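Below you'll find a set of structures to go through.
The two complexes that follow have chain A in common; it is paired with chain B in the first and with chain C in the second.
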Partner chain A sequence: MSNAEIIADLTKIMEKIFDVSDLKISMDTVATDVEDWDSLNHIQMVVAVEKHFKIKFSSTEIQNWKNVGEIVASIQNKLG
Partner chain B sequence: MEFAQLKSNLKKDFNGLKTKLKVALLGDTPTQLLKQALKGYGYEVAVDFEIFEADFDQIDQQILDPTSELYQSESDYIVIFASVQKVQLKFYKKPLEKRKDFASEYIDYVRHLANTIHDNTTARIILFNFPEINDSVFGNFSNKTEMSFIYQLRKINLSLMDLSRNVKNLFINDLCSLEATAGHNNVIDQKFYINTGMTHSLDFLYPVVKNITDIILAIHGKFKKCLILDLDNTTWGGIIGDDGLEGIQIGDLGIGKAFTQLQTWAKELKERGIIICICSKNTESVAMEPFEKHPDMVLRMNDVAVFVANWENKVDNIRHIQSVLNIGFDSMVFLDDNPFERNMVRMGIPDLTVPELPEDPADYLPYLQSLNLFETASHSAEDKNRTEQYQVEAKRVSVQKSFANEDEFLQSLEMKSKVSAFDKFSVPRIAQLSMRSNQFNLRTVRYTEQDIENLISNPFYYNIYFTLEDKFGDYGLISLIVLKKDNGDSLFIETWLMSCRVLKRGMEGFVLNNIVATARSNGFKKVIGEYIPTAKNDMVRGHYKNLGFTERGDKWEIDVAQYEDKKNFILPIQK
Partner chain C sequence: MAEDYISVITSLLEKTNAIQAKKFKTFLDTCDDLYRKRANLFFSQYERLLNHLGKDFSYSVDCYNRMNTDMLYERIQFLDTGKYSNQSFEDVKNKIYLSPDAFEHHMHGLAIAQFVWWDQYQRFSFFADNLHKYVDRTGRYLEVGGGHGLYISEALRHFNNDTTFDLVDISPTSIEMSKVALNTNRVNYILKDIFDFDGKEKFDFITIGEVIEHVEDPKALMQKLGELLNDNGTIYVTTPANAPMIDHIYLFHDAEDIRSFLQNAGFKIVDERAVFAENMEYKKAVKYKVPLMYAAFIQKS
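On to the complex of A and B.
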């Protein structure tokens, strides 16, 4: 999968969890850029991403992501 | 059901929901998602939960401080989720030599919390118990030493049951069973816990909030009283009309074990007080034969309250069963293996619960058990006689037809009623009747056993209960009156309720005669009644008017001096 494809899937997942439409995210987006991206929604997003891509993150990964780009990199890494 | 679905319910319109219940949520782990899930699940069962969520890890502070937000929230239910993780930390902090006392100290602490709540509010407490997981410090030897965590944990769970037997306002949310059914490893998400402190995976929130809601609704008076069974391929395998007595699968024949399991469960429900009825498309004599003659049948004719087997449609037959039992459709469950019949019954009687039985009869019982259909908030010794009472009722109904007029019939019944102030002996039955009565209930006040005990000793109240028996049988305790002394010269009827099994017996007039007599002998001039409508009690909308009360604003009153006793055929007895 390309990074753009992963971002497209991520966008859909986030829109559902954050309950917004027309979310625009890029590799540089950070949590504070998105209004409803708090820790509670973050963990729900993680669960949804894991289900969607059929992967598992480690607890360290979840805490250390700095931006969307790093999430995408983690996903790419797992998908191999 | 997934958490996302519960969460999406939060956007729905809750305004139309009639049942509004105030719940407080206290936890020592983050409870935000639990709160969302509970609110969202409420929508599924048409309940608008107004939830007060305490700040994180405030269980003790909120309960022990009488001025806390908890008490200000005036919640009817206080849900307390103390996590096993936190209990474990407390346990590990204890010096080794003191660990054998951990459980009893913990129970003392819970008792103290429960007592404090009881002193400050009439709210019911719903407390989570603990999943029993071995910490692998002692291995299996932990079962042989009081110093192990799981030894103390199991002792706590057992002691919580003992405690809740005695503390009437305390109910246990059996998280331990829930986790065991789902499998502990399937319901925890260690990563989730490490990152957020939340103890369970998202999708386990559904069974947890369903369980909480089941308990609340049972306390609130919404629970199942009756199980209606289809016969062929539901109660036994095969078709009795085709396969004959020797050919149906029950016991060791074919997959008979699956049906034996289901029957055994139904029999246990009956012993607990659930009414078992049969509704089958069959010739009656053929359908009854296995109950009378098959050696492997668990259910027998005397386990069945109403037996309906004919070739009419099932909607009409279930309506007939309902008319004999006189209970709401929403308190009845219908089991049928045939999807066509299920759908027809669902369409015809929307309030009825009709579980979507799995195709394989082997899965019937685990599926039904997973639904927790028969939650209850009370149990009394009388419950197991309920089937017999309804069998007698069916007999009464057929005798009634032979009388020319109603008075003659009532006279022939030779009715007797014990009239008594509430006494200790009857507390469980009185509380239970207040929980169960929905239709003939003027103000629908629910009383726990604790509430009833308080009423007995409260000098501002007169409380009367009534039993009824006739030549066919004994109904037991069937009506309650709670009278409150108003300021001045009037008595207010805080509660007037009656079991619908004794409708049309002249009991209402007999009860009113006793109310007025109580007022008269204690020097009151007026008796005031009030009708508070609910979704269920339309039956008594005209109750006070019919009994000759005069309307005064939103209340009804009767003048004691002017009152003439109502005619009836019930003889008061002293037992």
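On to the complex of A and C.
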């Protein structure tokens, strides 16, 4: 999958979890850029991402995410 | 010495953890002056411990961030399996209690959480706001698992000068932490398993906060406390439901589960407070199995 395809899937997951439509995210997006990206939604998002891509993140990976780009990189890494 | 610890912690969180900073600022918007007074008092006491260890609040916030990541990871597994990852005391002992680094990080993370998490402050304010009702009938106070000394400090401020204060903990690290943070000779620090207490010793008020979820048989623990409690004595007990953490073993599913547990252990509930960790509507909190903080003043039934 390309980064753009992963971001497109991530956007759909986030829209569903955050209960918003027309969400615009990029590799540089951080949690503070998205109003509904709070601690509870973050957990739901990680669970949904794992389920969607059929992957499991380690706690170190989760800890190191600073922006959407780093989440995408973790997904790419898992998808091989 | 920092005068406004809240600003220090907020600033450190903004630099290191955007999601937690956002959550904390939303909570702070609802807080009054009493919250700030209590928080600054606790953190000034806690800073004594940090100074003793040659550390500062950036270390504590780092521990707090690490604890949150551990929790996030535990939570993801919990939502998947419906169970806590640790099922036995032996599991936790090997992973946490026998690992000084893991234990220390966790304890310092928890210190920050006392006034950064809305539910933790609810747990404390419920205690602090109601303690005056027990002043006249408390000659002997016992706290099981004192941690950073937040609760026993409050009791020291409320209860009479002739009240005796015992703090018991099974962990030498935790006892040392309490000693340095409290810095008082009014407290007897006892390194002991509560089960080794002689049942002839009787206390008028026992505080046991966030302990029973750490043991395999919380009923036996509460029954032991019942033995140590005077017939008209009171216990302040707190425990969470649906709160996966690296050192939690016993899973309560909701407030009713905890109430039934307390009643089955031989107690009646005098007063209680139950709040979800996230400020949200009840249905959504139940749907997402959001952790619930339960606190109660209980007496023998």
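Side notes on the structure shown:
Simple rule for what comes next: the second predicted complex is superposed on the first by the 80 of 80 C-alpha atoms of A that agree within 3 Å, B and C clash if a C-alpha of one lies under 4 Å from a C-alpha of the other, contacts with A are read in each partner's own complex, and residues count from 1 in each chain.
Just so it is clear, contacts are C-beta pairs under 8 Å (C-beta built on N, C-alpha and C of every residue); 3 or more make two chains touch, one makes a residue touch a chain.
The model shown is predicted, which means the values in this text are computed figures rather than measured ones.
By the touch criterion defined above, A:47 lies against chain B and chain C together after alignment on the C-alpha atoms of chain A. Of the two partner chains placed by superposition, A:27 touches none, neither chain B nor chain C.
More chain A residues lie in contact with C than with the other chain of the pair chain B and chain C. Judged by the touch definition given at the top, the superposed model places A:73 against neither chain B nor chain C. In the superposed model, A:16 lies in contact with chain B only, and not with chain C. Touch criterion met: A:37 reaches chain C, while chain B stays clear of it. By the touch criterion defined above, A:59 lies against chain B and chain C together after alignment on the C-alpha atoms of chain A. Taken together, the two structures place residues 39-40, 43-44, 47, 57-59, 62-63 of chain A in contact with chain B in one case and with chain C in the other.
The part of chain A that touches chain B in the complex is made up of residues 16-17, 19, 39-40, 43-44, 47-48, 57-59, 62-63. By the touch rule above, chain C contacts chain A in their complex via residues 18-23, 26, 65-66, 68-70, 72-73, 75-76, 79-80, 278, 280, 288, 290.
Residues 3-4, 11, 30, 32-33, 189-192, 194-196, 198, 201-202 of chain B are the ones that touch chain A when the two sit in their complex. Within the complex, the chain A residues that touch chain C are 30-32, 37-40, 42-44, 46-47, 50, 57-59, 62-63.
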